[in-house]
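Shared between the two complexes below is chain A, which has chain B as its partner in the first and chain C in the second.
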Partner chain A sequence: MRMNKKAKSKIFHYNFFSKNRRGEKVISVYWFAILFIVAAAVVYMVFIFYGQPYDVREIEADMLTSRISDCLSEGGYLIKENLVTDNFLQNCNLNFNTEDSYGWGEQEQYYFKAEVKNFADGVLIFDVAKGNPNLKDFCGKEDSSFPACVETEVYSVDKEGNQYEIKILSVVRKTEKNVN
Partner chain B sequence: MINKKGTILVENIIFIILNLVFLAILILFLFSHVGGAAVLEEKYAKQIALMMDAAKPGMEIHLNVEDAIEKADDEDWEEKIINVEGNLVSVKLREKGGYSYSFFNDVGVNAYPDTTNNKEYVFIINENE
Partner chain C sequence: MLIKNKNGQTGTTLTWLIATIVIVVVLVLAIFLVQIYGGNRGKIQGAKIADIPAKKSFLSFLLTKSSDGKVIYQNLNSEENISKSDGELGAKIFNGFYKKDYLWGVWLGFIESGKAVENEFFGELPSNFAVGSYAVAIPNSIILEKIKINENKKIGMILIESGGEDYKKENE
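Now for the complex of A and B:
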C-alpha cells in the first residue's frame, strides 16, 4: 500500500520527468527539423515570388492602343491627314526598335492593326498594320507565355458629321523579360 | 521547468535563443530580397519605360528614386544610375548588374539627377530629331 501511494504521488509530481530527459532531446530534434522545413518553404516561396519578373506587357499594349487612337482621332474628330499607310509609324511618333537581347533584333516585339470603317454602312475606308504579323495569331489564348493583346473600338466623326468606327488591335511580345 | 530552487533551466533559455536566431535570420533573408538591387533595377527600368510611352514632347517629369540611390550607394556605384539612349532605358545600381527596357514612343529624352532634390531624377521630353 505504502509503495502504491508513493508511486501515485510520483505520477502527479511536477518533477515526474526529471530523471528521464532523453525524451525531451528527441522532441527537440523533431522541433528543429520542423523549423528547417518551414524555413525551406519560406525561402522557396520568396525565390518563386521575387524570381518572377514584373509583367507590364498588357499596360504597354494598352498604351500603344491609346497612342494609335490619339493619332487617328483627336477630340472625337478623325484626323484624315494621318490615314496614310506609308510612314504611319513616323507620323504617329512610334518606334518599334528594341534592345538586341534574346534575338529581338531579328523578331519584332510589337504589332498593331488599325481599321477605320464608316459607321453607317460598315465600309472599310482605311486599314494599317505594322510590326510582326505573326504575333496576332496568339491573341485569344489564355497563357502568360503568349504575347499580350489588347483590342479597342473607338468612334469618331469628321467635320461633315460622318461617323466612323476605329478598331485597334495591339500586341506586345517581350516574353523573355516579362514572364519567367 | 522550475526546479526546487526556483531557477529556470538553461536548456529552455538556449532553446528560446535558437528560435529567435532562426527567426532573425529568416527576416534578414526576406528583407535582403525585398529591397534587392536586381528587383529595383527591373522595377525602375519598366516604370520609366512606361512613363516614356505615355509622355509627350514638352513634358518635364520628376521621379523619386530615393531607394535606388541608396541601394547604389550601398553597392559603391557612383556613376549615373538611369540612362535613356534612343528608346532604351537602362538602370544600373551596381557594377555587375543593370536592366534595360525599351519603349515605343519616338521622343528624345534627357535624364539627369535633380540638382535641387538629390532623391529625384528629372526627365525632359523633346521631339525626336
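Now for the complex of A and C:
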C-alpha cells in the first residue's frame, strides 16, 4: 500500500515513529558531549574567578596595632601596669594561634614590637617583641608575597605630666591564604 | 528504512564540525582571559573611618600638662587662640607621627559654628570643607575627631588620607 505523505506526518500515524533512527542517536550523543564540555568550562571559569583570595593582611596588622595601643594607652594615659615583657600577650588578651595548615603550626605568622620612649629626649623606657622575629626583615619591601607590615606611633602621657612616644610595629604573614 | 545516498548529510555534518571548533576555541579563550584578568584580587583597602592610635594621641595631647600646671584642654577653654607652646607640641605630634600616612593633610584646631578656624600651626582648611556633625564634605578617607570645649567651641583633629590630592589641585 503506498504511503500517504500527508497521513504520515500526522503524529498518530502508525508509521510516524519509523524504525530506523540510528542517525539521531549519534546526534544526541554529540549534543550531550557539547553540553557537558560547555558546562565544565563555565564551572571551571567560575571556580577560577571566585577562588581567588582577598588580601586582608594589612587590615589584620592594623587591628593588631590598635589592640596593642589599647593595651598600652587608655583614656589618654599610659598603662604602666602593662609595661612588663612576661605575659604581655595574656595581659593584652592576645594570642597568636593559627590553624595548623600550610605548616603554620611550625612557623609563627605574626610578629609585633612595641617601644615606649620618653617623648622629649627619645630615651627608651620599655620595649617588648613577640612572635616570629624573622618577619620584620621583610618590612619596607614591596611585594605581595612578603608579609604585611604596619607601623604607627602613639603619643601618651601619665598623671605626673611625663610625655611618651609609643612606637608599634605589627607584621602578618599568612601568605598562603591571602595571595594567589 | 536505510538510505543509501547520504550526500545530503554532508552539509549538516560540516556545519556542526565547524561549530564545534568555534565553540571549543571560544571556551578556551574565555578560560584564558579569566585566568589572566580574574586573577589576584589584590589588597582590600577600604576608606578609613577611624584611626585608633591617632585618636589616643589626640586625647593624650589634650591631657598634657602645660608649664603652668593646667592641662591643654583647660588652656583651650580659657584662651581664644591656641598658645604657642601647645600649638608647637601639637604640630610636633601630629605632623611628626601622621603626616606620612595622611598624604593630603593633618589639621588640628578650633571648630566654631561648624567651621574650622585657621591657626598658625596647621593653617586653614579649604572653604569648601563643611565640618558637620560627623564628617567633612570630601568623599574620601577622612578622619575627624572632635571634643567639645564649651557651648560654642570644639577642638578637632582632621586627618585626610586619599583622593584629596585631586581636590587640592583643583582648588589651589
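Keep in mind that, in the parts below, the second predicted complex is superposed on the first by the 130 of 180 C-alpha atoms of A that agree within 3 Å, B and C clash if a C-alpha of one lies under 4 Å from a C-alpha of the other, contacts with A are read in each partner's own complex, and residues count from 1 in each chain.
FYI, a contact is a pair of C-beta atoms (placed from the backbone, for glycine too) under 8 Å apart; a residue touches a chain by one contact, two chains touch by 3 or more.
Here the structure is a predicted model, which means the values were calculated and not measured.
By the touch criterion defined above, A:Ser156 reaches chain C but does not reach chain B.
In the overlay built on the shared chain, the residue A:Leu35 is in contact with chain B alone; chain C does not reach it. Judged by the touch definition given at the top, the superposed model places A:Gln90 against chain B, while chain C stays out of reach. Look at A:Asn134: by the touch rule set out above, it reaches neither chain B nor chain C. When the two structures are aligned on the shared chain, A:Val179 is found in touch with chain C, with no touch to chain B.
Looking at the superposition, the partner that touches the larger set of chain A residues, chain B or chain C, turns out to be C. In the superposition on chain A, A:Gln107 makes contact with neither chain B nor chain C. Applying the stated contact rule after C-alpha superposition, one finds that A:Asn118 touches neither chain B nor chain C.
In the superposition on chain A, contact of A:Ile59 is made with both chain B and chain C. Judged by the document's definition of touching, chain A residues 18, 53-54, 56, 59 lie at the interface with chain B and also at the interface with chain C. Chain A meets chain B in the complex at residues 15, 18, 24, 28, 32, 35, 39, 42-43, 46-47, 50, 53-54, 56, 59-60, 63-64, 67, 89-90, 93-99, 101, 110, 177. Interface residues of chain C, counted against chain A in their complex, comprise 1-2, 9, 16, 20, 23-24, 27, 30-31, 34-35, 38-46, 52-53, 56-57, 59-65, 93, 96-97, 101. Chain B meets chain A in the complex at residues 3-4, 11, 15, 18-19, 22, 26, 29-30, 33-34, 36, 39, 42-43, 46, 49-50, 53-54, 86-88, 100-102, 104-107, 128.
For chain A in complex with chain C, the touching residues are 18-20, 23, 30, 34, 37-38, 41, 44-45, 48-49, 52-59, 65-66, 69-70, 73, 75-77, 144, 152-157, 161, 163, 168, 179-180.
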